[in-house]
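Look for chain A in each of the two complexes below; its partner is chain B in the first and chain C in the second.
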Partner chain A sequence: MYIIVAGGGKVGYYLAKELLSEGHEVLVIEQSAKKCEQISEELGSIALRGDACETTTLADAGMARADMVVAVTGDDEDNLVICQVAKKKFNAPRTIARINNPKNEPIFRKLGIDVTVSSTNIILEHLEAELPTHSVVHLLELRAQGLEILDIKVPPNSPAVGKLLKDLPIPANSVVSLHLSLKHGPSIPKGDSVIEAGDAMVVVTTPENEARLKEVLTGR
Partner chain B sequence: MEKIANIMVPVSGHKIDEEAIGLACRVARAGKGRVYVVYVIEVTRTLPLNAELETEVKKGEVILDKAERVAEEVDYEVESELLQAREVGPALVDEAIERGVDLIIIGVPYKKRFGEFNLGKVAPYMLKNAPCRVWLVRQAISD
Partner chain C sequence: MNIVIMGCGRVGARVAAIFDSEGHKVTVLDIEPYSFRRLPANFNGTAMVGNGIDVDVLRRAGIEQADAFAAVTQGDNRNVMAAQIAKHIFNVPKVVCRIYDPLREELYHTLGLETISPTNVGAQLVKDAIEKA
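Here is the complex of A and B:
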């Protein structure tokens, strides 16, 4: 595969290094002459000095034959422009953008960027799993369907404790798909499943319904 | 000075290449060494590295044929090689390492850029990165 990496910072450098070791053809576009020189010295002739936001630079980089473009500069705006130009002007089959501000993620998706990676969100997800104060853990995002899978722990003070699942006001477009009971182990939840403190529920829902679902199952 | 067994002469088709080849042959003869003449086709990123570049290959072959004739004139046999690479400098350094070259002799045309003498891109790269000795043969200003 021919992969163009826009941005020769630490992320771009190590990404290029890994991709090269996997046998891919890689080109790193970087504005800084110093970084370009460093990349060339350490990884070979794989650096092109220029502004990846410019069509001419992308054309020189051979974007027309690229299988994938990965925009990993430190600026969300630049990453968006790079992916959009690659997509619209050069019909790049796959665009991946790094997002620094998680709030920009929906914009990137709306504008047709295939994959977005937010390091802030990734760290947050790990924090959620590690910190006992976080009752909701994001397990998986099903972007194409606009859904997500959550692991919600039921705290002792939750209004759901002692109630039947069918009696809980579970929001629309949400499915409780797994009941992880402390007493009885995992089971496919039914309407008469009793929710107890310390149980965990694996739920498929929409991002819009996440807050309501959390309120129903945790009371927070 | 250590014995020089392998000499590489990068060529670009400029007249000064002939002087570099002649010098390489004389030095190699003294040490009964080999002379490699190398021409590198720079492949743009718009094309894959192994793209078939007929025109460039023909041009390279003409330049290498000329180099061989120059060597014949001084009664020495040279090996010639045509390479395709993204950048000339790194390709030449890699080739020098691979062949265990002891000396690189580069012909440098006398060029001016913005009114100032300019060595170009390849010679400074070789001077900085080649693991072996590098000799520059600069074209006379009057030429």
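Here is the complex of A and C:
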């Protein structure tokens, strides 16, 4: 694949390196002459100096035959415009934008960017998985379906403790798909599965129902 | 009218002052409080420090009740992003976006944004002035 990486900072540099090692054709667009020189010295002549928001730069980069554009500069507004220009002006088949402010994720999607990667959110998710006080961990987002998969731990003081799964008011569009019991190990949950303190449930739900589901299983 | 202006440079401050003097409710946003020195002493509107591409800042600036939004910072991309948020997320009825780069201006104009390129406008005025002489 021919992949254009906009932004030659740390993320852009290591991304280009990885993509090259996987055998892809890569071009990094970077404004700073110093960074371009560094990239060329270390990775070969794959750096183009210029502003990736400008159509002329993208044309020089061979945008017309690119399979993918990945915008990984440190500024959300630049990444948005790079992807929009690539998409609307050059019909780029796929555009990926790095996002710094997590709140921009739904905005970018609404404005037509195919995929967004929020570095802040990724670090936050890892943090919450490591924090013992966090009872809900986001495992996966199924964006196309508008669903998410959560790992919810049942604390000792939860109202769900000692109850049968079928007696819990699980909200609509939610499926408890895996029961990780401390005593009995993992199992596919049934209506008569008994929830006990310390158990974890893997649940498919919608972002809207997340808070309600958390309340049902953890009491918080 | 209820108007939110992002960017309190020469243009932003001037637009804010004019609408304010005409009795409209004006909120002007800038990331640099020092920029507000450009507002006239009798300015009755609100000057707010904050980044206009942050939805929370826009909400605080009253974008949900705004009749018009103008993006006039120095950054083309910042203006483009804020204008699109105002138009597509907050459905502000009138959104105006300044874009210096004529090529980018052309693109976003065809995509439906109301855009102004001072580069194009200025060049045309200079050309006209020369030809008139």
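Everything that follows uses one rule, which is that the second predicted complex is superposed on the first by the 220 of 220 C-alpha atoms of A that agree within 3 Å, B and C clash if a C-alpha of one lies under 4 Å from a C-alpha of the other, contacts with A are read in each partner's own complex, and residues count from 1 in each chain.
Definition applied: contacts are C-beta pairs under 8 Å (C-beta built on N, C-alpha and C of every residue); 3 or more make two chains touch, one makes a residue touch a chain.
All of these numbers come straight from a predicted model, not from anything done at the bench.
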{"item": "Superposition on chain A - do chain B and chain C clash or fit", "value": "fit"}
{"item": "Chain B versus chain C as contact partner of A:A59, first or second or both or neither", "value": "first"}
{"item": "Chain B versus chain C as contact partner of A:L48, first or second or both or neither", "value": "first"}
{"item": "Dominant toucher of chain A (residue count), chain B or chain C", "value": "C"}
{"item": "Contacts of A:P102 with chain B and chain C, given as first, second, both or neither", "value": "neither"}
{"item": "Partner chain(s) touched by A:S40 [first = chain B, second = chain C, both, neither]", "value": "first"}
{"item": "First (chain B), second (chain C), both or neither touched by A:L111", "value": "second"}
{"item": "Partner chain in contact with A:Y2 - chain B first, chain C second, else both or neither", "value": "first"}
{"item": "Which of chain B and chain C A:G219 touches, first, second, both or neither", "value": "neither"}
{"item": "Degrees between the directions from chain A toward chain B and toward chain C, using C-alpha centres, nearest 10", "value": "80"}
{"item": "Chain B versus chain C as contact partner of A:E25, first or second or both or neither", "value": "first"}
{"item": "First (chain B), second (chain C), both or neither touched by A:V81", "value": "second"}
{"item": "Three-chain overlay, closest Cα atoms of chain B and chain C, distance in Å", "value": "18"}
{"item": "Interface residues of chain A shared between complexes with chain B and chain C", "value": "none"}
{"item": "Complex interface listing, chain A residues touching chain B", "value": "2, 25, 27, 40, 44-46, 48, 59-62, 64-65"}
{"item": "Complex contacts: residues of chain C adjacent to chain A", "value": "53-56, 75-78, 80-82, 84-85, 88-89, 101, 103-104, 107, 111"}
{"item": "Chain A residues within the chain C interface of the complex", "value": "53-56, 75-78, 80-81, 84-85, 88-89, 101, 103-104, 107, 110-111"}
{"item": "In the complex with chain A, residue positions of chain B that touch it", "value": "44-49, 85-87, 90-91"}
